[in-house]
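A single structure is presented below for examination.
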Amino acid sequence: MVQPANSGFAHETRLRVRYAETDQMGVVYYANYLVWMEIGRVELVRALGLPYKVMEETAGLYLAVTEARCRYLAPARYDQEIVVSTEVTKSTPRRMEFTYQIRSADPERVLAEGFTQHMWLNREWRPTRLPEQYHAALSVELEK
Amino acid sequence: MVQPANSGFAHETRLRVRYAETDQMGVVYYANYLVWMEIGRVELVRALGLPYKVMEETAGLYLAVTEARCRYLAPARYDQEIVVSTEVTKSTPRRMEFTYQIRSADPERVLAEGFTQHMWLNREWRPTRLPEQYHAALSVELEK
Amino acid sequence: MVQPANSGFAHETRLRVRYAETDQMGVVYYANYLVWMEIGRVELVRALGLPYKVMEETAGLYLAVTEARCRYLAPARYDQEIVVSTEVTKSTPRRMEFTYQIRSADPERVLAEGFTQHMWLNREWRPTRLPEQYHAALSVELEK
Amino acid sequence: MVQPANSGFAHETRLRVRYAETDQMGVVYYANYLVWMEIGRVELVRALGLPYKVMEETAGLYLAVTEARCRYLAPARYDQEIVVSTEVTKSTPRRMEFTYQIRSADPERVLAEGFTQHMWLNREWRPTRLPEQYHAALSVELEK
């Protein structure tokens, strides 16, 4: 389902599974992988020099989700260290796509793969174009 | 810890335990009881003729939590029908207190008791006084 | 993305958006739609005469998610009444697929569409075949 | 409400506020502070040489919550770095109490204070006594 992007830039974020994230099946509840994807893309954007919080507060730019998909390969378990590997796989001034691989650190194992698609909105919740300097920063790895 | 209020008015709301609300201990995760308390007080306020959504949107009034407490007596389990019984136990133009009893419906059993304390804030996040008509509506059961 | 199933059987469940489900964008956080899908499929299975809780506890059958997808069309907002319309779109003794439409009740508007794919696991977390009486019950609407 | 413990041992854990943890008031939803307390106590117990995951899995010991309390002093906001400072304030072979202070890192500010009380349960969900070596490890800082 998820093709590896060719950008060569995959940002990695680590987190530890919280007790709150498990369910009575003894594994992480499936919706929480989307929370981890959010953490992955926020940290990727931060690594590109654009804290998302600042984009919202000062530029009035909101990255609304239009589609999310996750394929579950193996369960994540309480207290595991998780690596979220995130790439920008599409970036236009109006839309972005991020692709994710979620792994356990020890043993190293792919747990899930997914992507999210987004559009940029302004403060009035209308679709908007990203200013050029933001777009350039977010697309830098795709242009290589 | 939680004294029964004497107002005689306890509003009851029912909900069913979601799989997402359980944890790997096989019971409801403890923070979710505070979510149920929120549902209880919103439905109580609605029953008093004041939809909280309208208070936020049109009057710019926010009921910020200043303290929350919960005593856990027996675990809630997946798929159980839960009754949240909520009372206003204090109400001034600046502050409110709600007291809760959380029960399973079948078998009828008290699972938790708690309270939350709140202050009213305005759109600028400053403490504010509730307009008289709102305060009167929220306090009606206490005056009996 | 999501083709309407031809089974003619769409089970509807209603819920009200919780404050806890919103985020600072002022709308429902995107992962919570997967929680609502879980509620939709549990209630569909219950309507077919098979409480999922009983399947887990007495038959040791677990419906593990292998893929989830959601397309977000319009934001859900605090306190809205939500209709989750769920269909079984595939059912074999080993695998199931559910398709969902999530709407606001007033105004009536489609907010999201999605599906989830699942496999049946036994208590040892191994793929398993559903006993014939369960499979028949879950597939009844597909056979029409 | 919360007296500082005299043990002199406060374990600090850091986390960053997730978008998923905010609500439409633009701050962290109040139930999520209890999730952060869970992280604080798990990391404290790990620092004492007792990974809680191992206690559950190999010793069949479960630390059930019997009471939780939180006083909210200032709101936590999206993307802030949060410090959870946790102390063991009571420890017997049957019961434990943890006290928490939750601060923002920059600016350094106390956001919330609270405590949780717990009892040890065995695999059959019956109250149990902690084996002496566990109790000694968990109480080491209290004995000073």
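Labels A, B, C and D are assigned to the chains in the order they are written; within every chain, residues are numbered from 1.
We take it that contacts are C-beta pairs under 8 Å (C-beta built on N, C-alpha and C of every residue); 3 or more make two chains touch, one makes a residue touch a chain.
All values reported here derive from a predicted model rather than from experimental measurement.
When the interfaces B-D and B-C are ranked by C-beta pairs in contact, the top one is B-D.
Centroid analysis (C-alpha atoms only) places D farthest from chain C. Chain C and chain D have Cα centroids separated by 35 Å. If you average the Cα atoms of chain B and of chain C, the two centres end up 29 Å apart. With each centre defined as the average position of its C-alpha atoms, the distance from chain B to chain D rounds to 24 Å.
Taken residue by residue, chain A touches two or more other chains at 19-20, 25, 31, 35, 38, 78, whereas all remaining positions touch fewer.
Judged by the touch criterion defined above, the protein chains are all mutually in contact, each touching every other.
Residues of chain A touching chain C in their complex: 1, 25, 30-32, 34-35, 38, 62, 64-72, 75, 125. Touching chain D in their complex are the following residues of chain C: 19-20, 22-27, 29, 31, 78. Contact residues of chain B toward chain C in the complex are 18-20, 35, 38-39, 42, 51-53, 78-79.
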